[in-house]
Amino acid sequence: GQAPTEAPDGGDAGPAVDNFKPCMVSDEGGFDDKSFNQLGFEGLTKAADELGVEVSKTESKSASDYASNLDALASEGCTFIVSVGFKLSAPTIEAATANPDIQYAIIDDWADADFDGKTDAPNIKPLVFDTAQAAFLGGYAAASYSESGTVGTFGGAKIPPVTIFMDGFQLGVEYFNEQKGEDVKVVGWDVVSQEGQFTDEFAANDNAKQKAQGLIDLDADVLLPVGGPIYQSAAQAIRDSGGNIALMGVDADVFTTDPSVADLLLVSIMKGMDVAVYDAVMEAADDKFDPTPFVGTLENGGVSLSEFHDFESKVDPALADELKTIQEGIIDGSIKVESPASP
Amino acid sequence: MSAIIAATTAADGTIVRETVRQRSLKLPISLGVVAVLILLLALPAGRSGTSVFRLADRTSTLALPDVGVPTWQTVFICALLLVLLAAYATVQVARYRRVGLWLPIVFAFVAVFGFLTWSAADGLVPVTGLLFGAVSLSVPLVFGALGGVIGERAGVVNVAIEAQFLLAAFSSALVASMTGSYVLGILAAMLGGALVAAALALFAIRYIVDQVIVGVVLNVLITGLTSFLHGALMRQNEALFNTPPRLPRIAIPLLHDIPVLGPVLFNQTLIVYLMYIAVPLVAWALYRSRWGLRLRAVGEHPQAADTVGIKVNPTRFWNLLLAGSIAGIGGAYFTLGSVGAFDKEMTDGLGFIALAAVIFGGWDPIRATLAALLFGFSMNLETLLSNLGSPIPGEFMKMLPYVVTVLAVVGFAGKVRAPAADGKPYIKG
Amino acid sequence: MKLELRGITKRFGSLVANDHISLTVEPGQIHCLLGENGAGKSTLMNVLYGLYTADEGEILLDDVVQHFAGPGDAMAAGIGMVHQHFMLIPVFTVAENVMLGHEPTGFAGRLDLAAARAHVRAVSERFGFEIDPDAVVGELPVGVQQRVEIIKALSRDARVLVFDEPTAVLTPQETDELMGIMRQLRDEGTAIVFITHKLREVREVADKITVIRLGKVVGEADPTASNAEMAALMVGRAVELTVKKGEPNLRSGGLVVQGLRVIDDAGQIVINDVSFEVRPGEVLAIAGVQGNGQTELTEAIIGLQNKATGSITLDGEELLGRSVQGIIDAGVGFVPEDRKEDGLVGEFSVAENLILNRSANGAPFFRAGTIQRKVLDAFARDQIDEFDIRTQGPDTAAGRLSGGNQQKVVLARELSRTLKLFVASQPTRGIDVGSVEFVHERIVQTRDSGVPVIVVSTELDEVSALADRIAVMYRGGIVGIVAGDAPREVLGLMMAGELPDAAEKEVAS
Amino acid sequence: MSEVTEKKQEVVEAPRQNTVIHDILSGSALRAVLAIVLAMLIGGVLIAATSPGVQSALGYFFQRPGDTFAAIWDAVSGAYAALFRGAVYNYNAPNFLRAIKPITDTLNFATPLIAAGLGVALAFRVGLFNIGGRGQMLMGVAAASVVAFTVQAPIFIHLPLTIIAGLLGGMIWGGLVGFLKAKTGAHEVILTIMLNFIAYYFISWLLATPGLLQRPGGSQPISPPTPESARFPLLFSAPLTVNAGFLVSVLAVVFVWWLIERSSLGFRMRAVGENPNAARASGVNVGRTMVYAMGIAGALAGLAGVNQMSGTITSGFEAGIDAGIGFDAITVALLGRSRAWGVLWAGILFGALKAGSFTMQTSQDIPIDIVLVVQALIVLFIAAPPLIRAIFFLPKEGAAPRPARRAKKEVAA
């Protein structure tokens, strides 16, 4: 190594915004969960890099950490704090009430503990996503692609940000059946009973792999694993089974974020958390903090279906147009996508 | 010598005490309860339809057809069989006869079959997949339990199997990822497991700290350490430090073509084949080799072992290291055999389940392996049942493996004893 | 082989267990070591055997200085030992126990069990034993276990053999048999060290006698020396070997045991149809070789055996089926045979041990569920005085007391209550002569105060000293009940299972 | 494993003086301090080794070694200063109240640790290894929440009722272990591990089922906020976080101290823990004593659960409400040597490490897992006095009777 000749001074990129410090608290998943904590943090760092400001982040290990973490960030001089996940809802409301001069944002939650339909503190911006809309498209695409007539899904935990994907997915499959008069089955989830297959941890472990394997054993030839890195376990189950089975990604376009599974990837159901966080940070840095909730929909592009990439040639050529029509139908309200977990 | 008190007989100088024939109603009662439960599934809770059992999987060369059975009738026949078996057991016990081990095994088989048939009314049971998953989920438990058995047979209680798993998973991911060799990864895992064992040995043997304390604390220490290094090291450069190659599946020719069991047992990874070797080897060696005799001697009565020239503490030390490296192979399965990357706390308490298998298996390698398999099976059964859309809430299904273990432990407890010197340090005068 | 110990010193902390002990044993000689409990005999032998390292001194075999790092070295040098406490692994078979440490093996360390069995059979034949090499040692009676120990010691062609109190668990007949073996070995040229407390045995086989007291050699005696001479050497003063006691003053009532049958966890009948009674004011001694049901009998009386049938009544009240607490409350005092295991909580203070079985009864030691520390302290001090318990104070952990003093704590606890029955199992095992006198006095006192007393002992001397009547147990049954002054030969035959009449006839002939 | 307690417990010393004073005088307090220092040092090595600043300075170590040492100093001192700021006194705070807030955070985190630690310690004293703190806490929460969410009453009725329900919930779950162990001889380690999972899925089910514990109006597996009247009131005003639950935990310490060291039940429990054979022969019903002990241990863990629900996480809880306290409690009990007052101090120490870890993470970006490492090392070092003595060249304390006695026991066995 070479000794630095002189101490480097800060501020080498972008115009620093005075006294602006964006920060983030994760839930128990941590920032390397390959899921919403990580995506949210990417949005945050992207914004901070452009602004040339420092960030602080803190991971929660358990439910009793949320409040302390929020508190520690406030003490560290953060001016804009993003909480990731509905679990942090109440602690964030408390922190926001206690620190009216700090601005907050929370992902996947309305910050509305009293259910009056309004955010409980004027300095919190909820960032929520009607993921079911995009998942509906994904379900339709999966049903269209499936040859075995069975598609499967399983989740990391039975929580609304996960089940909303599964709901939309199944509704999309059902819509396909309705339209085409077919009988594609969904295994691993049931939108009516709200029961299904969960690994109970967002970890790519053997347990997750066996869940995927169980679905494959039931003839599913499209798998939608919802929850952080568990898609990796599903990919391994697919490879081990040697069959012709497609994988679906969630949150980001997994085709680009994880090329190692690109060859299996039918399509990804995207939830633009990084963009939402990025926008919120930029707004706040610009002194234009707006507590109006952001609701990601197909309409505003907050949620969307990715391209088919390598599978372009393998899907029904008419599919793209059908999806477009459905998307328009959802946007104009002629097709209803209702999940109990919808925002 | 003339008159000898009656009721005892002496043969070749040893005294054979007369034994009272005792009846233990535990077995008939538990069999009876299960039989009645299955009968309930057949009669009041009967489901009509067809239950399909799939015996082949995608990779089978010999494609067996799916077997469909009429649900209600099959469950009923199973229930009848179970009732008969339970009745037979009751009669045997009432006549003070011993009931062979075959009976509970056959009974369990029929009961599971009946229950699956009921659950799969108009559904599909992929038999191969069910068993394959069970084996897969059991692999680390089996290695952990083997390590635990060896350590405890030598007289050192090993609560730190969890720590051995974790450090082994960590080091195998790290080394395999940096060298690109999974063989080196497995060796690193063994080293990781042995390292924890060495710490256990140091504190338990050298400093005579209570072994349970050391074990518990090592679990905390290694959890903290691996999580810390994962955050501070691996996460900084995932590509370099945490993308180990995954073990390839090796299908064994011919054996792999055996229907149903072939794909389950003989289309596996290196670690699983190691397990097939390790279990019988340890079982044989423990009871039939010099190594095993001395190991058990040291765990049963260290001073007696000392008086015949066996060095107690070194024996314990080296065997702990051996046990640690075996548990370490189980740790490698988490990363190399299954998922292909290390994640903090990824062993998720399975080390404790392995410990439970050691105790439940009565400190015997074969029984401990069976206990691990039972656990893996009930865990995978849960997956199947929730896929079949059972009316029971998912959370209760997830309790299944744990409830099964509690029932099994409560039912079988008291029949086996720990090695006499298990957990007791040996200090020479 | 000639064995020589020179100036062996071994300390345990501040305790000097061996103080410059020197000793020579010639080949073809039986050398007896005599000494009280705790004199340091076993320690010396453990040093010789490499189990302990001496702080000073050296060991010579055939005039060559030896350095034993462990028993392995000692064995290799030709030393064999039959330990005072069995060094057998209960869950192993006889063959496994015998081969342990020098296992015949085949490929890959495979145990050659056939060879081991053959070896066991060969050695047993040589000495006329009959032992099944595949029997599990823990299931054998102690006398047979002792033989396994001997086979173990002999199976490596030891040239120096140590027997550390091997006869404690044998019947007189078995003892004779063992002494025959020792003579046979001596004649083959083996050097033998024989440790025992029993002067009769010493006189019978010893070629040479060394007496140890408080870790030092205090003298050598001739096998022809009188009992009193040897005892005086051992203890350092003239010893009263008998207990003064008057005629029993019998009253009505007392303990009646009828048709008692006890089954252990393995389903074996360990007590079979035992009936006897003990009247207030008498001592019934229960004699027998260890392991013939005495333990289970006393445990059944105190309620520790849950599979007992028949009847045990005390002053007409049925005890069987009551909880231990219920039986304690009925006035039964109990001194268990293993005080460390069952009698005391080692980590508890002397004071706490003195009220160990009173926590359920409340006052005066417990009020409102709370220990009354002042009351307890005063009580403990009284008992310490009365029973002459040598302790730093009532708060000293009982585990730190010497064996004799631990025994006094147990006695004090039991005898400080009002008793209707007193059961003492091995009351003087492992304690010194001074304490033995004291314990015996207290037992006689208790009897004289009108309490029925049961004393279980494997020591015939103790049985004869205390008993008004003697019941001899054999294989879970009572062979017969004889008068307190029955000759020891008769008792010896009864201990081997002969009925009293037959035994008397045999002795007479 | 049945040996658990035997080695753990000190000989019950003459409790004439206050144990704390006794400990300080006897030098075991010195050992504790040294153990903590040593553990922090090793933690410092880890911090330094993984610090980016140190790593880059190491890159040119031979050109300017001073930089490396400065970087090490910066990393380690920065970390521990942050720990101090987060756990004891925040000297950067704008006002006094905020400055002393950290110490109240410490007590706040210590509160459930103490309660659950007492549960583990009590079980240790009867010779049982209670890894079931987690399940007992969760069942305590489940029971307490029923009262908290259904009963409406003023705080002086509602809160005590909630606590009692929590105690009962934990007691049943702990007592079940004792019962099964006493009746069937099943190993408590297996039982507690399994019951932890069962309790977790049970409370997950409660939380996921509308109409049970699930917060009405949402589909998230989270409970409604704890009603004001079922919460522990704050002991001081706003930024200071410590609540009345701490006082309850201290009361529990006093109770457990009395129970173990002074009561007749505790007398029997200790006897069972030290020597079950002698206890049985002295009329103690060993099985029943185990059931009582595990029941009370479970109740204490249940209290820790109530502490969480009514103190720390009052805004609605999820299935992870135990926050790993059931396991941390084991180390707390070990560090506290299974004695009531020891558990109090150990709980406060671990509470401080926990409270400080947040500041360490936010201001120095150090993964908070380092706290686990330090905790484990402290317990390990304290458990091995010879090691500490060897490292710090301390003389042997007294005659070290323990190993001697053990040796004798072994040899005489």
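Lettered A, B, C and D in written order, each chain numbered from 1.
Here is the rule we use: a residue touches a chain if its C-beta (ideal position, glycine included) is under 8 Å from a C-beta of that chain, and two chains touch if they have at least 3 such contacts.
Because the structure is a prediction, the values reported are computed rather than measured.
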item	value
Intersection of the contact lists for chain B and chain C	D
Between chain D and chain C, distance of the C-alpha-averaged centres to the nearest whole Å	46
For chain A paired with chain B, centre-to-centre distance based on mean C-alpha positions, whole Å	37
Approximate Å spacing (C-alpha centroids) for the pair chain A, chain C	75
Chain B and chain D, separation of their C-alpha mean positions in angstrom	31
Residues of chain C touching at least two other chains	12
Numbers and ranges of chain B residues touching at least 2 other chains	231, 303, 344, 393, 398, 428-429
Shared-contact residues (touching 2 or more other chains) in chain A	158
Chains touching one another, given as label pairs in label order	A-B, A-D, B-C, B-D, C-D
Of all residues in chain C, those that touch chain B in their complex	12, 46, 49, 51-52, 70-73, 75-76, 81, 83, 86-92, 96, 99-103, 105, 108-111, 129-132, 135, 140-141, 144, 152, 263, 266-270, 272-273, 474-477, 479, 493, 496-499, 502
Chain D partner contacts - residues on chain B that touch it in the complex	157, 159, 203, 207-210, 212-214, 216-218, 220-221, 223-225, 227-229, 231-233, 302-303, 344, 349, 352-353, 355-356, 359-360, 393, 395-396, 398-399, 402-403, 405-406, 409-411, 413-414, 418, 422-429
Parts of chain B lying in touch with chain C, wherever the complex brings them together	1-5, 7-8, 12-15, 17-22, 285, 288-291, 293-294, 296-297, 300-301, 303-311, 420, 428-429
Contact set on chain A toward chain B in their complex	30, 32, 158, 187-188, 190, 193, 195-198, 200-201, 203-211, 213-219, 229, 232-233, 236, 240-243
In the complex, chain D residues that touch chain C	6, 9, 11-14, 258, 262-265, 267-268, 270-271, 274-275, 277-285, 399, 401, 404-405, 408-409, 412-413
